[in-house]
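Right, one structure below, let's go through it.
Going by the order they are written in, the chains are A, B, C and D; count residues from 1 in each one.
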Amino acid sequence: MKKNSATENDEKRVVRLLIHLKSGKKFIVKTGKDFNTNFGLIKKDDLERINTVIKSHKGEEFFITEPTFVDLLKKVKRGPQTTHFKDIGFIIAFTGLSSGWRVVELGTGSGILTAYLANIVKPNGHVYSYEIRKEFYEIAKKNLEFLGLDKYVTLKLKDCREGIDERNVDIVISDFRDPWNALDHIYNALKPGGFYIALFPNITSVYELLKHIGNYPFIIEFIGEVFYREWVFEEPALRPKNTGLVHTEFIVISRKITK
Amino acid sequence: MKKNSATENDEKRVVRLLIHLKSGKKFIVKTGKDFNTNFGLIKKDDLERINTVIKSHKGEEFFITEPTFVDLLKKVKRGPQTTHFKDIGFIIAFTGLSSGWRVVELGTGSGILTAYLANIVKPNGHVYSYEIRKEFYEIAKKNLEFLGLDKYVTLKLKDCREGIDERNVDIVISDFRDPWNALDHIYNALKPGGFYIALFPNITSVYELLKHIGNYPFIIEFIGEVFYREWVFEEPALRPKNTGLVHTEFIVISRKITK
Amino acid sequence: MKKNSATENDEKRVVRLLIHLKSGKKFIVKTGKDFNTNFGLIKKDDLERINTVIKSHKGEEFFITEPTFVDLLKKVKRGPQTTHFKDIGFIIAFTGLSSGWRVVELGTGSGILTAYLANIVKPNGHVYSYEIRKEFYEIAKKNLEFLGLDKYVTLKLKDCREGIDERNVDIVISDFRDPWNALDHIYNALKPGGFYIALFPNITSVYELLKHIGNYPFIIEFIGEVFYREWVFEEPALRPKNTGLVHTEFIVISRKITK
Amino acid sequence: MKKNSATENDEKRVVRLLIHLKSGKKFIVKTGKDFNTNFGLIKKDDLERINTVIKSHKGEEFFITEPTFVDLLKKVKRGPQTTHFKDIGFIIAFTGLSSGWRVVELGTGSGILTAYLANIVKPNGHVYSYEIRKEFYEIAKKNLEFLGLDKYVTLKLKDCREGIDERNVDIVISDFRDPWNALDHIYNALKPGGFYIALFPNITSVYELLKHIGNYPFIIEFIGEVFYREWVFEEPALRPKNTGLVHTEFIVISRKITK
């Protein structure tokens, strides 16, 4: 959804969340025309009946409401290595990241983590995000516009290993291959006591960072991983799901001191 | 930080974060007088040298800076069953909880979760928190004042099983023994599409809630648990810590629909 | 390996393990005729070259050797709810189960756990296994013969809730829906100090057993779950696999005392 | 308990397992004299009443029975880095290790893993175990005698990096710092298709082994970790224990092929 190119028609159409009651499956839909699902057709007039249960022509029930940030997020285009929300939540809660923080992100990717960060620091904070791959820069731009968060983010098509423009930021989060080659810039961008978070899929990269970061005045506060386990309830049986995610990324949390 | 008993002197004193460089141990200190640690005495003048490394009389190095929300949080009084930050982070990231949300919390306890929620929803959101135990109500009150978050929270010394005053809130979070006895009120407090999160230490309570909640128009979005595992680096060896937290609370996330 | 339908020819044919070197994929093969894989045809003469590396006609390399018990096990027919080897290993190591033990198994299923138990208690121990479903009894029978373990096992097509014939056994292991309906018989079958192990996919069944077992002179030694996490090495990157098994069965280990 | 030095008196005394019914605490006791516990004194005559419940002079109830291998194991002297039974169980179940196998162990330590291996391979198998530290060699010797397993084990006070005497063994298990310096010998000791298991507390050592083992004709079958989680039942509440072991050792399982 590019705002600039929005036609007059588009402007009047509104985004809705549809939840299929039996399966819990969710759909993001625009009002203004009929919507077709595997569970049957839903008429455009029904899409206006917000906060009610409606039926498809097959008789399947849907709940229709306004989507939240997380609902919308599930519908954006994402790359193969998107930061998982469990890891984002852990970082937020560990550091106290909140409204008003100034954030530097290194490695925008498809902008999912960027969006989460913007959603947390709004309305008074800001996210500066660096990416060197033009195609991801463009995807992230579109995603942030779709989510209505673009005003809280400055996307930069720039190699952070050659410099970070910001100073005195509260937190730097990196999610690219070799952040040890940007440690000087990361250190300079942070305020004293500020957090540097590094994300890595491989333990061998964690090891590489730890060897390098020892040369800088950073204190390591956390090295580790976050997991969750989902349970299922099929009355009367309650049990964990049999398979699940057991690895996404390792998290290293450090903090700048000033010698 | 309002404190009724604060003397004029106190008002001028400022809170600092001291990090012992060798061990990483942290201290929250007020300026204005000498501070004594196991690692030696730190002079009151040194406590003014913000964002620098200072030495105790034993020669141990400390970094001195302004504390963040999370630094301060580690120093507040807490009860035995405080919600763990990993669980709070998961809830924030799962629901998209952010600045501006209106939150109802059932079971204030010592106010740790309350403080996290306030820190996220500020400056335009608000937390309404219910507690029936007077002593916890008082502890939470003090903690929120110490953290400077009291203006974003309304503490209520009231049994939520007898009613919840708010309407159309974005999220309700319960952390007490028998929330199934408050389901009518929880349902009525929520906006359509709003989230209800229940926390329980026992799986048997999860089962009890699941049996009851089936009678209400809620959709279950998540039943499960969150974990983290910490690693330690003692060059050149990198390994997980041998022991750790393997259980805090089960999380049930549901969402209100309107029949 | 007794097989009623074995022709004279078959008798002379021998079982081999083929490991495809590049992928690690394994094949159990009989000698005596050419063998066809996705990686190309292997000639029957090559199948005689034990403990060497051979090539398919496509030039793919295979290592050929004698299969172990576990190699063979991967090729037997199994039902949907087979006990996982991680759980079997935990039970063996927790109880000290070893050569010479007398074991009662309740719920033979496809005989995988039966086979493991037989393999451990041989040559002087014995497994008595109860099953009420004729089709599983037959599958288990074939599997144990294929594995050459049938002489260490007595399969019984009998409902254990109506009685267990053995007395003074070292261990009873149950893997069926409602073992609380067989607790009298389980208790009577065990020697004093003997172990009773119950396996359940659901926590609600664990709870049910725990409520019932309190009426018998059993001591609970363990309630819990076993996990493993696999890592992958793609030089130079070392990392955990992204997805994995996070649940199979809950294990309850108790021990008989005599009032 | 050295057998050689056993006095006539000792010979007549028998080992018993005492289980304190209320707490589940276990004691290994010799008959022939009174036994004192925190729960009160137990008279020597009562220690003869095997497979019954007896009382201390304080009225506390104990169940008295013959100890199993695992009961005895809990009472032997152990070093700081003993292999955990969950890891031993996983190795047994993954490889099919069983009665009759010939095993080489590198790094005897206090002999706990040695004892488990001996207990599984008896009566016809054998364990050859290498240790370079005289004090551990002696501890292991005593432990194996106490457990009655010494006849199934050959302990060697010898550096395996300088050679392994055995040939054609079913499995080699190493638990010392730098097994990559013994890979030639490990390879030569194994039969084709035989298993080599390496245990390491650090992931950095796993990485080191993986880099070296690529130069040998081994197939990697498993790299990973094993966990268990214990639950507690305090009627009516059922929940996981709050803290637990989250790391012991990484396990690498490989298999010899012959080029």
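As a working rule, a residue touches a chain if its C-beta (ideal position, glycine included) is under 8 Å from a C-beta of that chain, and two chains touch if they have at least 3 such contacts.
The structure presented is a predicted model; accordingly, all values stated were derived computationally and were not measured.
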| item | value |
| --- | --- |
| Given subunit B and subunit D, the chains that contact each of them | A, C |
| Chain pair with the higher count of C-beta pairs in contact (B-C, A-B) | A-B |
| Chain separated most widely from subunit B, comparing mean CA positions | C |
| Subunit B and subunit C, separation of their C-alpha mean positions in angstrom | 47 |
| Where subunit A and subunit C are represented by their mean Cα positions, the distance between them in whole Å | 44 |
| Subunit A and subunit B, separation of their C-alpha mean positions in angstrom | 22 |
| Multi-chain contact residues (two or more partners), subunit C | 203-204, 207, 229, 238, 240 |
| Contact set on subunit A toward subunit C in their complex | 201-205, 229, 236-248 |
| Complex contacts: residues of subunit C adjacent to subunit D | 17, 19, 21, 24, 50-53, 63, 65-66, 68-70, 73, 85-86, 88-96, 98-100, 116, 119-124, 192-193, 203, 206-207, 210-211, 214, 219-233, 235, 238, 240, 250, 255, 257-259 |
| In the complex, subunit B residues that touch subunit C | 203-204, 207 |
